[in-house]
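Got some structures for you, see below.
There are two complexes below, and they share chain A, which is joined by chain B in the first and by chain C in the second.
What follows is the complex of A and B.
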């Protein structure tokens, strides 16, 4: 009886307690860790991954998976640069174009999966390769920056507008002057919106039902296809938001950036399974998962751990989280709230 | 003599004391039927016996030696083999039939590393033939019907050459002919000296197969019957704690026609089906496997298109293209085989129950958790669902209680046409009467069609009984002094000249 309560407690709060202990430990042992600047830095470092992870969470909820998010983000990065630098469009147009691109990619992913019955991993893997290739074609594989040479010999005249760069570089004042970067605010807003959508609305509840037993959900009259397509469209749009913010931070269409986006954001979403013992994809968990990785890496960096250990640490956290989720909740046997 | 002996066995889940000291034994060459109401603890006892759950107190012996299985594989190696109530525990849907049948060979120590497909398939074919399974052994199990899956799980259990065989509601999704095949296999194993524990809510099974009856109520043994002839009524009284009330239904003719079925062809070439279901009327549709029962239900619910003919609801043409359109038109359907078709395993009772009507339980798409819970609690009370609270995970409920949740789901809101496909799968006899009474009480304002294979169930609930055979109506009876012989003959299609009924 007491063992059981202990186990339940460990499953529910274990991960949050671990996070809390980690913060305390780094605050005591790494000088300057417990400061607003360092907190803002951590948030900044996880904001873009976090936004992508929230999108992939929606596809995990309907028991799908979106491998194309990383390439959607880099496509948005290149597209925004192309629109502003080469086509000399305004910031607003460029942003809208990117969001539209994300939505269309999501729609195509969704249609491939529900209409053409391509398994989700294959459909989105194909989309990933397609986009990685596509984004290189207009510039013959080059990065985009003001003054670059165009195929016709002239130089690119356009530039990233100040309004666009604001998205990636502006910092709001909070206690300290110029503390919170715009991407962090957008990350937090996205997290709240996705959380409300998944946890509190009937649409979110139906998406969870689809993920748990698709056939049963369809037989009570749920339009399963529409919800699945919606999940991939959300994922596409959030990925393009991530790409826009990345472009605004870099200030150039860098062909090589964003390599780690896919794996990092999937890791955050999977770590999220362990938070509060949810044992399934959830927005709160995903946000915490992203933060967890960010805090750990920042803390280790401040304690002078070499940069090349980073991926190893991420992997270790992921495995730990998965053990938390699946081993412990399997021990607790069939249960579950909601 | 005593192959398996259980003394003082106790098991709790949290504060829920499910087994409160069970004493019983199984003997070689004897079929013991375990009876008990939904949630009495039968499946829990089975899961302790087969090593799935640990226990809190008590002892188990096998052939006089202390028996304490560590897990399912360990139990099997002791010769204790189980077919679980939840069928998907018994088969691996992504593998083909041959591999599923031969899983035991693959896990045996000394099995080769490489799988030889040809040999595997031939051995599987032998097991399949033994069971009278006719499907191609290369079919993926996920593509089979629930009844076929159940037969595979049973076939594999038999192939282990068990010392103790435990069957937890094996017939709940089987047709009559499949059940007969199962019974003859059980007879054969009994002859070979296997000790068999058989759990069922179907009196016809119990009458056919029991050597001894043990009754369980609220986690305790409440009766044992071994004198032949067995006292079946006494057993029912012991399991329910009171004697069964006789059903006394005031048969209604119904009001205005609501659902009109007009020269509908259920399958290519079958004679057309026409009838109308009236307001307040409950029609039981019965027939054997392949009689067209499922086709009729699926056509009305929009999952299949009729080959010919049309339907009307309250005089207006009705031709749903999918489940969503049917539900929108006020046609609700509770499916058989709940674990594949109805249960959302990740959800609690309240969310499972309210799933089709989330729109009603939300304001501006935000769910109103409180009113969801209130509606669920109300239904839990009305149907007598045994649970701790409305936020119990659906997987912690006993099988029969899960089924009650699935029926309750469609009684939350009024509708024009209610279709119930095998609504009493896994529901105990007492609860079946209560639910039947509830369905009858609320029947006004809708037409109700109940699809059942068991004639007992049809007679208990319906105003009118329609018999289907080979895709067409073989007979109709008002449920007053029904001519049972004619009814049975119509079901089996042996009523001489095929009557052409077009009522």
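What follows is the complex of A and C.
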């Protein structure tokens, strides 16, 4: 009996305890780790991948997958730069355009999967390649920056507006002056909104129902297709939010495939399975998962660990989290039966 | 015979219209009839501003001479790149420029081209062949010039951060300069080495650099010998409010880099660069020399230029065009030229 409760305890709180121990360890061994500023930049370093991960969580909930989020983010990065630098639009228009682009990409992904019966991995893989190419067509593969040369020989006159850069660079005062960057606030808001939506609303529960048994959900009258499309649209919009924040931080439109963004955010979402023993995609877990990777990487960087150890560590954490999820949870349910 | 003369005349007229006074008829054979000379550019890397600009340099110089240029783009597929060399041989080209690639995969392909009587030059890839001149944008000098400026500005005793990812050929060559400077100046403390090529690079570097700055607040000089690295460090330094305490020295330049260096109070004080378009032009000129039987030398080095923040501010330079206008040595390298060779007009 005690062994069983111990196991349940380990599954539920194991990951959070590990996180806690890691923070203590880095505080003691890495110079300057334990400070409000460190907390702020660790959050900043995970904010963008975290936002993307929250989107992918929604698609995981309906038993789908979105491989296109990384390229949606970099497309939004290029689109916002293009809108402001070359088309000389305002910050608000640029942001709205990016969000619209994310929603449309999500809609197309959803329609491909639901209406055309293309398997989710393949549909979003195709979309990924399509977007990586598409984002480079308007500028013939060049990055976008103020003063860049246009094909007709003149120089681009537009610039990133101050209001847009504010999104990536402004810091709110919290105890310490200029502490919390805007992307962190947006990350936290997105996390809360997605958490409330998935856990507390009827729509969220129906999405979980679709994820665990699509047929059963359909038989009780759920509009499965509409919810699936909605999940991909949420994913597209959150990815474009991530791209907007990235553009605002970098201040230029860098061409990038976004594959690292994709992998990091998927890792965060999968690590999230293990948090509180949920054994399924959930918004709280995803946020903690992103934070976990962020703390680990920033702590290692502060201790001067070389770059290749970082991928290794990311991989190790992911494997550990998957063991937590699949082995221990399976054992727990088996233990419950006997 | 008459037809050929007429065609040549027409060609000269077209070129004259486009490029000003060019004495075309004076070019030695086979370039006395440049429209019949086919050359191929076989690329390994093509994505990004540097490679885009390199290509434009190759295109303008080939067009100025009047040669027929074919571009093969293997998009980082080493095996495909070797196949493309064979394709170019089959196409009957007169000359090939190999742009980047792996020694292992390109060595044999390059030899096959030489055996077929084709003139070959290689840019930034060592194909271990005496018949093939190497075009280089001396990465070692790039690093050395930046570090000399750092020593000039900061003396020879400072705490440094260094951004480096081993195993990337140009970065390894720039690293040699850093190692030398460290050995020669024992009072330079290397407090931290970091780096990543995770895409988007500037963002990933910014995250790392924030941690490094927090852990080592004494760092006063950062050597970031690649502009994406420097951009990332600059974001981190700005976010940490340390722009006045840290100086960033880097390599490479672009319009976006110029505006980052010129932001008020920017920590990015100097960069060293070769103009990729010029490297492209030099590649074509070296090949043209080879085609006419002249020898451009086993290694053709395009010298880099130091660009400081002060210079950019004094001359009010906003983009790459301004930079070229104010810095003639950046716009044109006096390398692999001949009296008869037409140069692109600026």
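Operating definition for what follows: the second predicted complex is superposed on the first by the 330 of 338 C-alpha atoms of A that agree within 3 Å, B and C clash if a C-alpha of one lies under 4 Å from a C-alpha of the other, contacts with A are read in each partner's own complex, and residues count from 1 in each chain.
In this section, contacts are C-beta pairs under 8 Å (C-beta built on N, C-alpha and C of every residue); 3 or more make two chains touch, one makes a residue touch a chain.
Not measured: the values here are computed from a predicted model.
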item: Joint occupancy of chain A by chain B and chain C, clash or fit; value: fit
item: Touching partner for A:285 - first (chain B), second (chain C), both, neither; value: neither
item: Touching partner for A:258 - first (chain B), second (chain C), both, neither; value: second
item: A:110 touches, of chain B and chain C: first, second, both or neither?; value: neither
item: Contacts of A:50 with chain B and chain C, given as first, second, both or neither; value: neither
item: Partner chain(s) touched by A:155 [first = chain B, second = chain C, both, neither]; value: second
item: Touched partner set for A:277, first chain B, second chain C, both or neither; value: neither
item: Contacts of A:212 with chain B and chain C, given as first, second, both or neither; value: first
item: Touched chain A residues, chain B compared with chain C; value: C
item: Angular separation of chain B and chain C about chain A, which is computed from CA centres of the superposed model and rounded to the nearest 10 °; value: 140
item: Least Cα gap, in Å, left between chain B and chain C after the two complexes are fitted on chain A; value: 32
item: Those residues of chain A which chain B touches in one complex and chain C touches in the other; value: none
item: Touching residues on chain B, where the partner in the complex is chain A; value: 12, 14-15, 53, 323-324, 326-328, 333, 335, 340-348, 351, 355-356, 358-359, 361-362, 365-367, 391, 393, 395-396, 409
item: Sites on chain A touched by chain B in the complex; value: 1, 4, 196, 200-203, 205-206, 208-209, 211-213, 215-223, 280, 333-338
item: Chain C - residues contacting chain A, complex; value: 46-49, 52, 165, 192-196, 198-204, 206-208, 210-212, 214-217, 228, 231, 235, 238-241, 254-256, 258-260, 318-321
item: Residues of chain A touching chain C in the complex; value: 30-33, 35, 37-38, 41, 44-45, 48, 74, 77, 140-143, 145-149, 155, 169, 178, 181, 246, 249-252, 254-261, 297-299, 301-304, 306-307, 310
